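These notes open a run of structures that come right after.
Each of the next two complexes has chain A plus one other chain: chain B in the first, chain C in the second.
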Partner chain A sequence: MQAFLKIVGISARQQMTYRTALVAGLFTNLFFGILRASLLIALYQGETSVNGMDVGGAITYVALSQAMIAYLTIFGNTEMGRTVSDGSIASDLIKPVHFILLWLGRDLGRSLVNFVVRGLFFIGLFSLFYSLYYPLEIGRWFLFFVSLIFSWLLNFFWRMLVNLGAFWSPDIQGFARLAFGFSQLFSGFVLPLRLLPDWFSRLSNWTPFPGMMNHPMEVYLGIYSPSQLLGAFGHQLIWLFILVFLCLALFRLGIRRLVIQGG
Partner chain B sequence: MDTIVQVRHLTKEFRVLHRRSGKWGAWNDFFHPQYRTIRAVDGISFDIQPGELIGYIGPNGAGKSTTIKMLTGLLVPTGGEILVKGMIPWKDRRKYVANIGVVFGQRRTLWWDLPVIDSLEVLKAIYRIPDPLFKHNLGMFRKILDLDSFLESPVRSLSLGQRMRAELCAAFLHNPALLFLDEPTIGLDVVAKERIREFIRHLHREGTTILLTTHDLTDVERLCERVMVLDWGKILYDGNLQELTSRFEGVNEMRVSFAENGEDGLLEGLEPPVREGRYYVYRIDPRKVSIPDLVSSLYRTHPVVDLEIRKPKLEDTIRKIYENKSLNTPD
Partner chain C sequence: MIYSIKILWLLLKTQIRSQTQYRLSFLADVFTTAIFSSIYFLAFALILQRFETVAGWTLGEIAFLVGMTETSFAFMDLLFSGFDPDSFSPMVRMGSLDQFMVRPVSLTIQVLGSRLILRRMGRVLEGLAVLAFGIVTTQPDWTWLKTFYLPVVLVCQVICMGSIFMMGSTITFWTVERIEAVNILTYGGNELMSYPMNIYPRWLLFIFTYFVPFIFVNFYPTLYFLDKPDPLNFPVFAPFLTPLVAIGMALAAYWFWGYGLRHYQSTGT
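Our next item is the complex of A and B:
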């Protein structure tokens, strides 16, 4: 546990050294956030509410999902997959820590920095342009943060699963782009699932993806009924178990096929 | 003492795509890939006793790194067995690697953007190194490896030599009984190399078992008593370093210059010499002729001005082994 915390700590410190990148990322998020919000306002065409979400809620949804891009690494990455193809995975495998736990620590450290710099700072800046909803009950904040932790874990294991493909293919870029495209769409990042056709959001509920973005956002907005709330957490938890299991199984299989090229 | 490393009939095969050339080569490769099996390590066996310092040498592509990767639990062997301290490296990998130290000369394990000392602190937690041991080891390594000047600098700002010293320190903080060094002196200057050798010597004196892979035969000559020579995935020689030279090239060179030159320089029991300027160069097989006896009788019977015995260079010997082997092995 102490080792895990140290890894989280050093990863956070490493992330802090990239100050310029952090600030640049923050402003990119802000630019596209404003763009997305303007588009949504245009789509509402003066309607007060669409499928239980009003304009203010939709704007808050955009703000929060934009703020969570870096924290959740919603666009995905192939960092771990690259260590398989270039052999630098060797340095991780000679450490007496479970490989997936090592990456969990690394990702968590980075995400915590991103949560503050590209999350909280983002909300601060974005609220200068649009007025956002803030829940008044402590309970809802609590549920939101729990849901946000689950969504972080789901994102992590989903990314890990895609990257584990590197044990089978020397180049996973194309495959990863497709996979992360799917997860962005079905998670409700591109548009809130509530604003998409019913058949689509029903379909998405059969995937782990709504738990990665849509659930925490709607928990925050308080749109869910108590039973829907329970369903959302259950959905996140079940998929977390499935993804963790798949990652562990694929890692065990993949590691036996490992070929480390060069020196 | 108990054997620390036991390797039996170890084999590793890789399946590689055989790329076809020509206009339709890439097209054919895509639809009908042809694979070819390469045997990188071909049934090798050896034992390592505690405290040994072994040089593991061989040309590029001989299978050295593949062996090391199997010994460190990174790769799963295709056949054969490895038992290190009662563990099977790839099966018990996580438990196993806590007991070994590994340095890959061409890879880095330290965090790139942070000071060296931060990385060491993380390793302390990962390996659960107790405080006193950490302090003791770090203090010692700071001296031997001269780390003080860059312990607080980010890893990316270090020179290659500094980085390698930091890597060695990192690999050894947890006092592993067994150390694998894969080309630790690659690309370093003479001074940096010597410092790293000093460190290896120190660990050896402390009783650490070390397997050293290198292309720099000076490393081997200065450090190792035992060498293993590998080529084409097979061990060509495993034994004492001195014996290696006498076994593969028993011939020494004796260069003599006499007060009166002009004779043919023929000596009883030796082949006729070759003239090189003032010198007569004789080839002597020390297994047949006693060199001390020969030299003292020579001084008694001839007006010797200068005499020099040259032993074959390790490099030449090794090259001979490689060349002979590759001539005998069909590709």
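Our next item is the complex of A and C:
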């Protein structure tokens, strides 16, 4: 446990070092956020509410999803996969922490920094341009944060699953790009799932992806009825179990195939 | 000049050959790039099933806008791979640019020839497919002038976005690290030009009309091609400013690149 916390701390400090990169990322997110908000406002034009979401809700959705890009690493990365291809995984495997837990710690440290700098600061800046909704009940904030933790875990294990492919293929870049593209679309990051056709959101509910973005956003907006709320959390939990199981199983299989070239 | 072009072709040919060695893997890469790039347009097509139009534009008309900028951005991204700040900044950091400088060939040619990411062909194909969809569904009234002007606009767009890439790379002479904020103008510019620009806040429109005149690069030409009324009441020649903007941006990039080179100090690695 102590080792794990140490990893989190080191990774957070590492992320803090690149301050200009953090600020540049913040402004890039802000620019794209304004473009996305303008598009939704133009789409709503005159309509008060579409499928249970009004313009203000849609703008808040855009704000939150832009704020969570860095925290959730929604665009994905192939950092771990690269350690398999270049052999540096060897030094990670001899560390006294389970390999997946090691990466969880690294990701967590980085995400915590990003949550504050590119998340909270982003909301602060974005609210200068648009008025956002803030829930008034404590309970909803609590549910939102729980859902946000689950969505972080789902994102992490999805990314891990894609990266584990590196044990089988020397180059996973193309495959990973496609995989992360699909998760962006089906998670409701590209556009809120509620505003897409019903058949599409029904389809996406058969995948783990809505739990990575759409659920926490709609919990925040308070659109879900109590039974839907239960369904959303159930969906996140079930998929979390499945993804964790798949990652552990694939890791055990993959590690047996791993050959590290000396040198 | 002819010598330079020969060298460039030779450099690019080696890139093409090395990247197409594993044919199946290469084709798969092109294909996945095409699919990945179409995700945003696909999502937009889906959301229009609920809203039908955006600011008076139908799906086909938006497809025209998206298709134009996607095609030229992707083609620029392919052609200017060497100037991509992502790959240019390591060249400055590791000092491989110094090696280029001692060779008796123009530096610009060498940087252009240093990288050609062929899988980006996939995005060009995706852009062309979206543009074709836009043309077929909107059935523009093709006059001679329009038919002649369409390829001109596409070439101008490539030049405009390529200039931004070059300027973004030039900045790394001073900063060494790539500046992520340049993405606002490259990837962001592409996104910005994908929708009718009158939907944006006034201050943003002001910036992209008078400082970085992206508004004349895709939005106004498209208004002209599709015979749509101008919501912003610009003079009638506004759609024909594209070549001027392209020349202006190219000159600015050329000057800035030269200025950067004269002030270049190696990192010493």
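The rule is simple: the second predicted complex is superposed on the first by the 262 of 263 C-alpha atoms of A that agree within 3 Å, B and C clash if a C-alpha of one lies under 4 Å from a C-alpha of the other, contacts with A are read in each partner's own complex, and residues count from 1 in each chain.
What we mean here is this: a residue touches a chain if its C-beta (ideal position, glycine included) is under 8 Å from a C-beta of that chain, and two chains touch if they have at least 3 such contacts.
Just so it is clear, the structure is predicted and the values come from calculations on it, not from any experiment.
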{"item": "First (chain B), second (chain C), both or neither touched by A:Phe31", "value": "second"}
{"item": "Chain B versus chain C as contact partner of A:Val190, first or second or both or neither", "value": "second"}
{"item": "Chain B versus chain C as contact partner of A:Ala3, first or second or both or neither", "value": "first"}
{"item": "Which partner, chain B or chain C, touches more chain A residues", "value": "C"}
{"item": "First, second, both or neither for A:Phe200, with chain B first and chain C second", "value": "second"}
{"item": "Chain B versus chain C as contact partner of A:Leu93, first or second or both or neither", "value": "first"}
{"item": "Which of chain B and chain C A:Leu258 touches, first, second, both or neither", "value": "first"}
{"item": "Which superposed partner A:Gly181 touches (first chain B, second chain C, both, neither)", "value": "second"}
{"item": "On chain A, the residue positions that both chain B and chain C contact, one per complex", "value": "none"}
{"item": "Parts of chain B lying in touch with chain A, wherever the complex brings them together", "value": "14, 65, 69, 72-76, 90, 93-95, 97-98, 100, 102, 104-109, 111-114, 118-119, 121-122, 125-128, 182-183, 186"}
{"item": "Complex contacts: residues of chain A adjacent to chain B", "value": "2-3, 5-7, 9-10, 13-14, 17-18, 87-88, 90-91, 93-98, 255-256, 258-260, 262-263"}
{"item": "Touching residues (chain side chain A, partner chain C) in the complex", "value": "20-21, 24-25, 27-28, 31-32, 34-35, 38-39, 41-45, 47, 50-51, 129, 171, 174-175, 177-178, 181-182, 184-185, 190-191, 195-197, 200"}
{"item": "Interfacial residue positions of chain C with respect to chain A in the complex", "value": "25, 28-29, 32-33, 35-36, 39-40, 42-44, 46-47, 49-51, 54-55, 119, 177, 179-181, 183-184, 188, 191-192, 195-196, 199-201, 204"}
